């Protein structure tokens, strides 16, 4: 893997590299070079499988981070290729020519995040939201609670409890306090 | 009222089917549902007894709650001993189980399937999501109260309710049927305009007839 | 015997057969449930189902042919049943048996499915033509060995009259076709598996892929006619098999015992075996049972039934 990263560094401008596990690595590249590096990874390095394509809304930076998760069947290594695109003018090159199933992910991202993929087939069709009229709902500045209150009918009398406290109160009152799970042990 | 006047009122009562393209409107029914009265007390009581012993549920898993229906069919919980059987087509089913959250895309299909069922028809709403939204109360895509869109007979609370709770819900439904309280079909016909208004408010691309036979 | 007495007798006979067939259906559901390790529905569940479907308050029709479909199906069941002498020598259960009734019965077995095809086709649901195509194809397939077996029986007894076929089998159980012409019985019993549509050949109903098959649009009253017919038709087929191959019956108890065990054959096979795909089931019927059926004709016509 180190060799591959070194090789990639020679080819393109790698903005970041992070190793999460032995079989899970992330690199970040520039937007214009993305298609080139994906084609290289697919054709020459054995990352033949596009596991998923997803977006993260980095609203503070005004960016969307797209993650193209690739998988190499012969070495069992996952490689995530990240790219930052502008949030206001969200547009990305389509990869449906590299991976035929990419159009479905792009259609989803187009609907839920409003990222445009010019040239991708059927990208304008609705994916899960039929007849959606508001801003794309997965953008973080979309207030779902407000929309829900406005659109759907609330049943009065709804209250929210902290599950742990509530269960302790209701079910385990007569039991000695449990040691609990210490997450730091991990 | 003369006959012409009655005809005019009948014309006004016809459904507009505005969601359909102009040339297709003639292909679909424009009549609205009508209430059907029960038979006399004793005969209806007998029929209700038979209906409660032979509940055919529509095998349409509308949400995660449909997972709980599978163990109910298998040998561990075995719903067939109560006379409950899955039916794959809404034309033959009499019980509709809404399995948990209903997204807007699903509620369109739910309405369609519900209207295609032949009454008397019953609805069991499964899980907290159908009662007040449950954990999806602030979601942009799932409804909060099911009873604004179709009439509901029995609610089963929980997230998810276990199959035992489902069986208890079925038994409650049977009691209600035997008591003659399950008139959801007539309720839907009476408050048809109100239900339609609520449905159309959330289903933005209404490209089906107003009432699906 | 006046026509009204005959009508009365036929009504009694049809009622008994329907009740018997539906009870048999309930027993089979219970039996399948026990095989699965469940309790299963009560034995009288089919009756409750019929009351439930026929008491629906509304019903949707798709046109005249759709209305006629269940009627044709019911006519097929009634026609099959009414021309079979159920109990040998009985006036009440003799039905309208006459010379050459075997041909008529063979025709009526097919008739119901064809009528159903016309009716369900008008339902407009894409799954019903799919189920009909499968049903008619499978029916054509299992009719081949069944017809061969019936031809062998007709050659053997020199008759197309069911009453005289039954009469020829009286005396000892060694006179049954089962022992005098075993090849024909094997071919016919295999084709009965397809006729009863239990598990290896249940592709027509295929509840998973093409929900319920032909009657997918049938609702309320239409469905209750089909359900009633299912009971009657099952009884009619079993009685036909009993008459042709298992020596008929001289009283009601004997009829019930024999038909029960004949039905259990297809139920046991159904409970034990998984399902064939359509093309597998057609190929199966046109291969081994057909060969056995041809052999049975050769055996009875050219070898004279002597081994």
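Here are a few things to note about the model shown:
The letters A, B and C name the chains in turn, as written, and every chain counts its residues from 1.
One rule holds for everything that comes next: contacts are C-beta pairs under 8 Å (C-beta built on N, C-alpha and C of every residue); 3 or more make two chains touch, one makes a residue touch a chain.
Just so it is clear, the structure is predicted and the values come from calculations on it, not from any experiment.
Least step count on the touch graph, chain A to chain C: 2. For the pairs A-B and B-C, the count of C-beta pairs in contact is higher at B-C. Separation between the centroids of chain A and chain C, computed from CA atoms only, is 59 Å. The distance from the centre of chain B to the centre of chain C, with each centre set as the mean of the Cα atoms, comes to 37 Å. The set of chain A residues that touch two or more partner chains is empty.
Those residues of chain C lying in contact with chain B across their complex are 29, 33, 36-42, 45, 48-49, 51-53, 55-60, 125, 207, 211-212, 215-220, 223. Interface residues of chain A facing chain B in the complex, by the touch rule stated above, are 126, 128-134, 137, 142, 144-145, 147-148, 151-155, 157-158.
On chain B, the positions that touch chain C within their shared complex are 36, 47, 50-51, 53-54, 56, 59, 74-75, 78, 80-81, 83, 85, 87-89, 91-92, 94, 118-120, 185, 213. For chain B in complex with chain A, the touching residues are 103-105, 108, 131-133, 137-145, 148, 198, 201-206.
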